[in-house]
């Protein structure tokens, strides 16, 4: 029974994540709260990419753009003294969604390798834009003046409170994602990925659905960016660096694309691996690179594929 | 006389230097089953692609149900009641048979910008889809993953998806290609039950199927329609025999 | 006016390097249907090898001459070991696997040569400048780069249009099975084409050494601009690569040189100081968007793709 097995895995995962702050407190290792919060923030980013990549079949190599826009929205507003988190995060989501609308409108009309290169190129453009914004630190970036304020509802300066907020958002996105991919909208984008000429022949115009998915994913990743700015309390053009896009994409593949839990698992494993490897050697990427190649060549279904067994994906 | 359901005038399409269709004129009357036959490379599939709206013609016009549809793309034509099958089986392999058909129903019932309610739970999608599946004889296979259906079943599924869009016109590109004798007979029986209920344009190489199903036949050679007539008329047309039927044994 | 001419020559020089990169990338895509992100790594490898070999031999020219076959060899090894299995995979797999290769190569280079940028010194015969026009001196080395690049382009043109290998390359781009039917070992044709692309990237890299900083990650900076070249020119087309490379090289160079002064005549100098560099660095991407808007397949689309 794939469904119940999946439910057990999901519940177990949520409980384990919820236990991180108390356990870290017991072990006197507050660092782990930080690490797992970072993992969950990237899990939201990877989840949003999976909506268009795994379900929509759009190989976007520019997802870091929205991470950066979300982070800069928070950072720039804070720079001008606007600390209200509701406002900051709304602007982060809206700005990322608008950017996704523009980039998507141009790139979705093309397909295949063009799509990959165009999304990559636009993200690079935003990266250079970030570098040239001298007011906001240019190349070096700038510190976040203060973490987002939520009128006393949640205090992000409290590591655990911030942690549980991120966990709640992650769970929220998982639930929303589940509904979305099973609803009519999700079925259209999955059908277009499965066989676009067939989808057109039965009367769907895939472009608008794909564009809508692209915008939703951009907005969701923008929120992850807002969280990331609060996490690092610093923002730099590096958030938009193209290797970041590659990393998020690798999280999706590593965990299992076209699944919802997969990207979460991928984010946890990849960032955990980076953490372990970077403690071993400064040159950890020399291990990570070939590892990536091996995963792509031999384990395409990802880690979640192992959890789900051989049950065909049709959820 | 009533306007034909499909009226094609001067339709042309070239690929590089090759004229795939060359000033094709074609009328398909409401309710008839109209077969298009011709040797390989005669431009039949190109014509189907142009009728379906997948290929933009270089020249010419297409009218459907009294409306000029020349500039409409495939999804728009589908919504007007034009459905098709593909020469090479085209389904959603990673969806169940039922979901394949339910998607076709969905495309023609209300907005698909719905983000919350599981489509599986929507009776207005599920019930018509099940009825159509039953109608083509796949009712018992509803929950089977489409990729794992037998070839003949996949072709039936394609017909079911086309029917689920409630079309007025069905474009069939070699529906019995690659089928065994038994599968072919089953498909021909299925198509016989659709005759009269729908207008059908049928491209097919299997002459038994063509002469069983067709009310009228057009013969296409080198991108042009060289003759149109009743099955008997076409069978006895000397030019047609020379150009096409004469190559094999006439049925 | 002379300043414009000088910057135009710099634009040409940059365009030539972009072309060398784009030609290999577009050939590999056109023939093997492979999206190779690691193409930039070959550029970097070429630059490092040339620098190291120049130091070892004590001769800049000899270093360059040795680096070229060495990069070709690296390319062939990469093709045989890793990329060959990717030809039949989808683009997503190719992108990710070659992304992994980039991480590997960048780190490998950092281990061997360190993360800091290294610089190549030119021999005296090349480090000077010469009088191009009355009142305009132009650096000898940049002129040499233009010359070598143009020679490579001509070589490539002759190779593709009038040799048996070129015939196979053209045929392979449009019809794989036909080439196989000719009895050609398609596998080695692929390796050969990839090696050729690697050598061109290496050539661009080794010439880049004395002009730009040689450092890990240098390949990706140019790679993404090469993508812009290919998107503008049309993928799989050498003609498109030429046109795209020249346009991008010129626009980028002239934009960086003249956008700020031009803007300052329109808006306030302070605003121009801020907007100028930002706009200049975005210029080629905005141009790409404009081209895509009007011609989604690029300026020189190849047939059937």
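For reference, chains read A, B and C in written order, and residue numbers begin at 1 within each chain.
The rule is simple: a contact is a pair of C-beta atoms (placed from the backbone, for glycine too) under 8 Å apart; a residue touches a chain by one contact, two chains touch by 3 or more.
In this text, all values refer to a predicted model and were calculated from it rather than measured experimentally.
Student: Work out which chains are contact partners of both chain A and chain C.
Tutor: none
Student: Among the chains, which has its CA centre at the largest distance from chain A's?
Tutor: B
Student: Closest chain to the protein's overall Cα mean, using per-chain Cα means, please.
Tutor: So the chain sitting closest to the middle is A.
Student: For chain A versus chain C, what separation do you get between their C-alpha means, in angstrom?
Tutor: Taking the mean C-alpha position of each chain, the two centres sit 31 Å apart.
Student: Using CA atom averages as chain centres, what separation in Å is found between chain A and chain B?
Tutor: 43
Student: Between chain B and chain C, tell me the centre distance in angstrom, where each centre is the average of that chain's C-alpha atoms.
Tutor: That gives a centre separation of 48 Å.
Student: If you look only at chain B, which of its residues touch chain A in the complex?
Tutor: Going by the criterion above, the answer is residues 52, 54, 73-76, 78-79, 83-84, 86, 90-96, 99, 103-104, 106-108, 111-120, 122, 145, 161-162, 164-165.
Student: So in the complex, which bits of chain A are touching chain B?
Tutor: Checking each residue of chain A against chain B gives 179-180, 182-188, 190-191, 194-195, 197-205, 209, 212, 312-314.
Student: With touch defined as at the start, can you tell me which chain C residues reach chain A in the complex?
Tutor: Residues of chain C touching chain A: 29, 35, 82, 85-86, 89, 91-93, 95-97, 99-108, 110-111, 220, 224, 227-228, 230-231, 235, 274, 277-278, 281-282, 285-286, 288-289, 292-293, 296.
Student: Spell out the part of chain A that touches chain C in their complex, as residue ranges.
Tutor: Of all residues in chain A, those touching chain C are 53, 59, 61, 106-107, 109-110, 112-114, 116-118, 120-122, 124-125, 128-129, 131-135, 242-243, 246, 249-250, 253, 283-286, 288-293, 296-297, 300.
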